[in-house]
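Right after this note come the structures.
After this come two complexes, each holding chain A, first together with chain B and then together with chain C.
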Partner chain A sequence: MAATFFGEVVKAPCRAGTEDEEEEEEGRRETPEDREVRQQLARKREVRLLRRQTKTSLEVSLLEKYPCSKFIIAIGNNAVAFLSSFVMNSGVWEEVGCAKLWNEWCRTADTTHLSSTEAFCGFYHLKSNPSVFGSCPRKNMQITILTCRHVTDYKTLESTGSLPSPFLKALKTQNFKDPACCPLLEQPNIVHDLPAAVLSYCQVWKIPAILYLCYTDVMKLDLITVEAFKPILSTRSLKGLVKNIPQSTEILKKLMTTNEIQSNIYT
Partner chain B sequence: MDVCTFEKVGIRGTNIVVLGVEKKSVAKLQDERTVRKICALDDHVCMAFAGLTADARVVINRARVECQSHKLTVEDPVTVEYITRFIATLKQKYTQSNGRRPFGISALIVGFDDDGIPRLYQTDPSGTYHAWKANAIGRSAKTVREFLEKNYTEDAIASDNEAIKLAIKALLEVVQSGGKNIELAIIRRNQPLKMFSAKEVELYVTEIEKEKEEAEKKKSKKSV
Partner chain C sequence: PAVSVGNVGQLAMDLIISTLNMSKIGYFYTDCLVPMVGNNPYATAEGNSTELSINAEVYSLPSRKLVALQLRSIFIKYKSKPFCEKLLSWVKSSGCARVIVLSSSHSYQRNDLQLRSTPFRYLLTPSIQRSVQNKIKSLNWQEMEKSRCIPEIDDSEFCIRIPGGGITKTLYDESCSKEIQMAVLLKFVSEGDNIPDALGLVEYLNEWLQIIKPLSDDPTASTSRWKIPSSWRLLFGSGLPPALF
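This part shows the complex of A and B:
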C-alpha cells in the first residue's frame, strides 16, 4: 500500500506472484446473484438439430444417417452466396435438416422462433448424385470449406494497398492429395474460428480437407468477392457439380440486388 | 483503398473531355437529384470523385470558392492544373496535421484550359496528382484501366462520339445493369459542361451494342 500525493491510499504494484494471486481470487469470487444469472443463461443456450420435413429433432448423427463422400461447408455470407448461386443452382438439392442455435450473444431474446437470418446452418444433399451426401463409406469423404476474411488480417511484406483483393488462399490437411487451385496460405497467417476447428478435426482424423479462404476488403455481400471464389469451380471436388455458369451469374446478380443495403456514405 | 465505391471513368479526347460514372441505385423515397456524382467546379472544369461523399462535399466547396477567388484576383479562369494542385495541396495538408484525418476521396478532374488544350488529372488521398490520357477510379478500377489501355488509340478518340463511346464501353465492363446505371458528362472546347440525360446515354448504349453484334457477325463469317 502506498499514499499518493492527494492523500488517498492505493495498492502499490507488486511483482511478487503470490500476493497478486490472492488479490485476484478475491475479485473473482462471485455473488449468488451472478451465479444465478449465469445458470439461467446456460439453460437458455441451445443447439437444435431439426429434420426438414417434420421439424422434429434429428436424434441420429447426421453423417451416419446420410453418409457422404463430398462435404462442402460455406461460412460467411459471401461464401454462402457463391455456393447457393453456383453450386446449388445446378442440380436438385434437397434440404435434409438444419441446425439452429441460441446463446447470450445472439441479438434476439426469443429462443423459440429463430429466423433463418440468425445463427443458422442448413444441410442439403444432392438428389441426383448420391455420392455427394450419399451412400459411400465415410472413409472416402473429402471436405471443402469456403470462407472469407478481411484483407487487413493478411500479414505480408507487401503493402496492403498493392494487394489484388479479393484473392484466394488455400490450406489443406495432410491427406488431401489434389492440387489447390490457388496459392497456399503462407506463414505467419492463421485461420480462425469454425473453419479452423473443422480443418483441425479433419487433420486429426486424417480426413482429406481443403479450406479456401478469400481475403476481401468488403465483408458484406459483394459481387466481386463472390466471383473471387470462381477458380474453385475448376477443382476436382466441385467440377462435376457445376453446370450452368452464365445462369449462376444471373442468379448471383439477383441475390445482390435483393440484398443490397444502399448506404449514402460512399459514392 | 477503394471500398464500396462505384466506377468513374475519365477520357481526354482531342476536342472533348468525357466523365462517366456508375450510378448507384437510390432508395425508393430518396430524391435522385440530390445524389450527384459529377460536380462542376467552374464553367470549364468539372470533377468526379470516389470515396466518402461528405469529404468530397468539403473539398468541392473549397475548390469552387478558390475558382472564383482566382477569377476575381487575376481576372483569368483557373487552369485545370492549378485547381488540381490546389485540391492536392489541401489533401496533403490533412495528412500532416494533428487531430485530422486525410480526405477519403480520389478525384478525376477534367476541363479545358484557356489555350484550348483538354486536361485530365487524378488525385488521391495522399495528395499526389498526375495527368492522364484516360483513367478510372473506384472498386474495379484495375479492370477498367486494363480495358482502356487496350482500347485507347488515336482512332478511338479522333471524334467526339468515339471518345464518348469509349467511356461508356469502359464502364459497361464493370457496371452491373447496363446503360441505365451510367451517368455521363462532357465538356467541349469553349462550351460549358453538358450532362447527358438517361435517354441520350441509352442511345449510345444501343449504338455500342449494335456495333458489337455486327463485329461478332463479321467474325463468325470469317471463321466460316
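This part shows the complex of A and C:
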C-alpha cells in the first residue's frame, strides 16, 4: 500500500512480483474443477514444427533432419529485415519448416492457420552450403542471435537522448571464442525474453553463441536500424554468407516501401 | 534469497557474493523464472567483466563451507510452487547441512508492537531449532510473530504470514514438513532504495554466521565493510538530459 499526495491509499505494485502470491492464495480457494480446467488448458499448449508447404508435422526434430553448424536467429522486425535482405538474399535458401504455437493466451483457437499479424517463426536452410543449418547438432554448432531494443532500455551515465543510436552491443557465451564486431554489453545492462532464454540455454549447455543487440530509437521497421547490423557481416561466422551488398540494400529499400504503405494510418 | 518486496534478499545475496569474492560453481537451470542474461555482475576489472550470467546461479566459498544461490528474476505465473519443490529437492540431495533464506516483508502490514520494535525477524524450522536455538537466544533476536490468517475476520486462527515475502512462506512450510534445517531471516521494508535494507539484513545475518569481522561499536563503519557490486550502478536509470535543467 502507498499513500499518494492526494490523500488516497492505493495498492502499490511490488517490483519483486509478489502480487502473484495473492493470486496463488486465490488459487488455493479455487475448486478442484477450476484447477482441472486450468491444467487441461496448460496441457493443450503446444509448439509444433511443420513442413511449410504441406503443413504436416515434422516427425523428427528439425536439427536431426537438417543438422547444422551455424544457426542464425532473428527476433523482431528490424533483425528479420536485415537477415532477409542481406543474408538470405545471397545464395538459395529453402524454407524447411515453421513453428506454430498455441497457449491459453492466444486469441485464435486454430493452430493450423496463422493470420499475417500474428507472431511467426520460419526455418530456412542454405541449399548451397548445408553446413549453415547443417552438420553435427551441438558438436560444432554456433548460434548467432539478432534483435533490437529501444535505446531507453540502455543504462549509461549520460542521458540516452545524447547517444548516437542506433548502435550495436554484443553478449556472448563462454564457449564463443571469436571476437565480436562491436563492444560487449556493459554492466549493469541486461537482456530478457526470448534472446535471453536462448543465450541462457547456450551458456548452460556450453554451446558457442553470440547475441547482437541493436539499441535504436525506432522500433518499427527502419532502414537505419537495419543497416546498423551490417558490421556483423564481417565476422568469421557470417563472412562467407553475404555476396552482394548493394543488391541487399535495394531489397531492403523495397521491403521498407511495402511496409510503409501497409502502415498508413488512414487505411 | 526469496524474490520479495524491495528485492532485499537478492540485494543481500549480491553483497555476500561480492564481498567474499565467491566463485561461480554452476547454474540452477529452470523454466520457472523469467529468462535474463547479462555480463558478470561482480566484475572488478576488464579481465573478469565478460563472463555471461543467467537468472539463477550457484556460488561457493569452500573455506567457509558456504554455498549461495542467487535469483535474478521474478517467477512465471503458477511456477513458484514447482520451483520451491525443485529447490528443496536439490537442497536435500546435495546434502546441505542448513539452509538460510534471506527475505523481506511489507512494512505497512506490521501491527503496533512490530512498529515499535526492531524490523528484523527470524523463523526456524523444528529440525534446525535443536542445533541453533541457543545461539539465536544469545543474540536476543525477535521471532516472527503469528498473525490472523485472514486479517479481516476477527475470530480467524493465527498463523505465520509473510506478506510480500514471495516464496518464503512456501519454502518454510515445505521445509517444516520435509524436515529440512532451514532458517528464515527477514526485514520489514517498503519499496524504494533498498540498499540500506540489504546492508541491514547482511549485518543481521553476520551477527550469527560471522561471515566477515563482527561489527565494532562504530555504526558508520558498517557500510564500508561490504563490497558493492559493479552491477548496482545506475539502479535508478540512466543519466538525465541536461536540457531538463
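Here is the rule we use: the second predicted complex is superposed on the first by the 197 of 267 C-alpha atoms of A that agree within 3 Å, B and C clash if a C-alpha of one lies under 4 Å from a C-alpha of the other, contacts with A are read in each partner's own complex, and residues count from 1 in each chain.
Just so it is clear, a contact is a pair of C-beta atoms (placed from the backbone, for glycine too) under 8 Å apart; a residue touches a chain by one contact, two chains touch by 3 or more.
Being a predicted model, the structure only gives us computed values, none of them experimental.
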> Who does A:A16 touch here: chain B (first), chain C (second), both, or neither?
Replying inline: second
> In the superposed arrangement, does A:H150 touch chain B (first), chain C (second), both or neither?
Replying inline: neither
>> Is A:S200 touching anything from chain B or chain C once the two structures are fitted on A? First, second, both or neither.
In response: second
> Which partner does A:Q174 contact after superposing on A: first (chain B), second (chain C), both, neither?
Replying inline: second
>> Quick one: is A:K254 in contact with chain B, with chain C, with both, or with neither? Answer first, second, both or neither.
In response: neither
> After lining up the shared chain so the two structures overlap, which partner does A:L184 touch, if you call chain B first and chain C second: first, second, both or neither?
Replying inline: second
>> With both complexes overlaid on chain A, does A:T160 touch chain B (first), chain C (second), both or neither?
In response: both
> Just chain B (first), just chain C (second), both, or neither: which does A:K239 touch?
Replying inline: neither
> Between chain B and chain C, which makes contact with more of the residues in chain A?
Replying inline: C
> Where on chain A do chain B and chain C both make contact?
Replying inline: 160-161
> In the complex formed with chain A, which residues of chain C make contact?
Replying inline: 3-7, 27, 29, 34-41, 43, 49-52, 54-55, 73-75, 77-78, 80-81, 106, 108, 164-167, 169, 191, 230-235, 237-242
>> Show me the residue ranges of chain A that touch chain B in the complex, using the header's touch definition.
In response: 160-161, 164-165, 217-218, 223-224, 253, 256-257, 260, 262-267
>> Per the contact definition, I'd like the list of chain A residues that touch chain C in the complex.
In response: 1, 12, 14-18, 20-21, 23-24, 27, 152, 154-162, 171-174, 184-197, 199-200, 203-204, 211
> In their shared complex, at which residues does chain B touch chain A?
Replying inline: 1-6, 24-27, 35, 37, 49-54, 56, 139-140, 142, 176
